[in-house]
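Below: a set of structures, written as structure tokens.
Both complexes shown next keep chain A, but they swap its partner, so chain B is in the first and chain C is in the second.
Our next item is the complex of A and B:
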């Protein structure tokens, strides 16, 4: 086995162990930190798989995620782990996830193997066309940005809309002023 | 090549762990973390699908003047562009979920879903 593959499998195992710890630890802060570690592992995998743009974005978004989650978890008391566990429910969930793992694992073996994408096959499709004509069509040396901002610019517009709506939603849920006005309105009614 | 599907299967295992956290855990913050893990696993799977052995990043430099040689050696740029979209949308969704959890904690004083269900109003 070549060292690249060994390193990739080690990073994947790191992510899986991190997610198991995040799932089973009782302290919420440790859980959040474990998810941060998984994101960092994913950023390193991005770098090794030839996606530097993704690695940069992943690191920035990861730091923001962990900062938001730590801000929420800190100073809020929580005794969820003291409630008794429902063994039957967890057992049945694990059983069905096991079935899903077997079926999904079988399905994965029918895909084209790792390292030989559709791009390199008999029918290369649109990706090969982008790689061949991208520089003439868009003038961008970075083909990811050529796809993102030129070939599929409407997708990016939709993404901006989704982010805008979600930020407005979070602002509406978290604002204090509207709630106060609602309370005084109730008082004047009664 | 027997190892062809192993990275895919490990990404699937990561996805199932995220699904387990979302389905089986009672803590709202844990469920949000499970959604995060699910996102990472799906992004990872798409990225693994687009990789080719010894592939270079799809960024052209001045030395790579030969277009066909570059196109035969670069990894697939389309999954990367879509994952870039998905990562940023994930951050927006996380902010929305976290703000809902903060409001619930303000009202009920707990992150435990079973206790939130008991307390009406």
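Our next item is the complex of A and C:
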């Protein structure tokens, strides 16, 4: 096999092992560190596949996420309890997982091979259109930005709205002012 | 001021934070020429501020930028991005690149793309740092004195 594919598969195995540890470990802090390791693996894969924009974003967002998660997790005990495992539940989960694997493997055979995007085929598709006309149309040397902020700027507006709404949601959950207090009746709201 | 981390961390932070901020501004401004862009640059800016917050504690950081100022920056970035879209609508079509595309590979090129990058950078940077600051200052079970 191609050594490049072997490298990618090794990184993929590293990420899968990391996510299994993150899901199964008892300690929340170790789980957060494993999530950071998965993000680092994904950033390296992005670099090898020739997507530096994505790699930069992945690295910085992962660092920020790990910092926020450590801040949240640090003073907190794991409050989950082990539940008794039912044979029927485990059996049905395994059965449906097997069905999903078989169907997914069957569906994989009909997909395009890895590394040959559908839009850049022998037919001059939309990707070829962007590569040919991008510089004259937008004047941006970075074609990723040309697609993100010119050709597909409406998508980016939706993305920005999602971030805006989630940040407002975080403020609403974390706020102190304006919350109803059920324990004390005589205290006046500030 | 005994808040924050040790003297070593504070000294290194003092040296490094300005360079991190400068790099974030560079990533935002040159998003249309080199890899990067508004989102990544904004996250780098907020990461520099988070380093400051972790090293010096929240009182020192709130002297530089308060939480309400962060909310204003966040909303202003979102509004600026929407303004670019709506002005494009007035010039012909939603999100049309109404400025001249200019000479490629220069800083002043690509029409509205640098403007959108700056708006997204301000929005993402202020918003993500605001969430971290909110986690630091809004403690459960205690009234919030400082604003």
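Keep this in mind: the second predicted complex is superposed on the first by the 164 of 190 C-alpha atoms of A that agree within 3 Å, B and C clash if a C-alpha of one lies under 4 Å from a C-alpha of the other, contacts with A are read in each partner's own complex, and residues count from 1 in each chain.
Just so we're on the same page, a residue touches a chain if its C-beta (ideal position, glycine included) is under 8 Å from a C-beta of that chain, and two chains touch if they have at least 3 such contacts.
Given the structure is predicted, the values throughout are model-derived calculations rather than measurements.
**Q** So in the superposed three-chain picture, is A:39 touching just chain B, just chain C, both, or none of them (first/second/both/neither)?
**A** first
**Q** For A:67, select first, second, both or neither according to whether it touches chain B, chain C, the two together, or no partner.
**A** second
**Q** Chain A residues in contact: does chain B have more, or chain C?
**A** The larger set of chain A residues in touch belongs to B.
**Q** With the two complexes superposed on chain A, say which partner A:154 touches: chain B (first), chain C (second), both, or neither.
**A** After superposing on A, A:154 lies in contact with chain C but is clear of chain B.
**Q** Identify the partner contact of A:139: answer first if only chain B is touched, second if only chain C is, both if each is, neither if none is.
**A** It touches chain C, and chain B stays clear.
**Q** Kindly classify A:108 by the partners it touches after superposition: chain B alone (first), chain C alone (second), both, or neither?
**A** Only chain B is touched by A:108; chain C is not.
**Q** For A:52, using the defined touch cut-off, is the partner it touches chain B, chain C, both, or neither? Pick first, second, both or neither.
**A** both
**Q** Where on chain A do the contacts with chain B and the contacts with chain C coincide?
**A** 52-53, 57, 61, 64, 68, 72, 135, 141-142, 144-146, 148, 156, 163, 167, 170, 174
**Q** Can you list the residues on chain C that touch chain A in the complex?
**A** 27, 31-37, 39-40, 43-44, 46-47, 50, 54, 71, 74, 78, 81-82, 85, 94-95, 97, 101-105, 109-113, 116-117, 120, 123-124, 127-128, 130-132, 134-136, 138, 142-144
**Q** Write out the stretch or stretches of chain A touching chain C in their complex.
**A** Against chain C, chain A makes touches at 52-53, 56-57, 60-61, 63-64, 67-68, 71-72, 135-142, 144-146, 148-150, 153-154, 156-157, 160-161, 163-164, 167, 170-171, 174-177, 190.
**Q** Over in the complex, which chain A residues touch chain B? Could you list them?
**A** Residues 1, 5, 8-9, 12-13, 15-16, 19-20, 22-23, 28, 31-32, 35, 38-39, 42, 45-46, 49-54, 57-58, 61, 64-65, 68-69, 72-73, 76, 78-81, 83, 89-90, 93-94, 97, 100-101, 104-105, 108-109, 111, 113-120, 126-128, 130-132, 134-135, 141-148, 152, 155-156, 159, 162-163, 165-167, 169-170, 173-174.
**Q** Using the touch rule from the top, collect the residues of chain B that touch chain A in their complex.
**A** 1, 3-14, 16-21, 23-27, 29-30, 32-34, 36-37, 40, 43-44, 47-53, 55-61, 67-68, 70-72, 74-78, 80-85, 87-96, 98-103, 105, 110-112, 114-115
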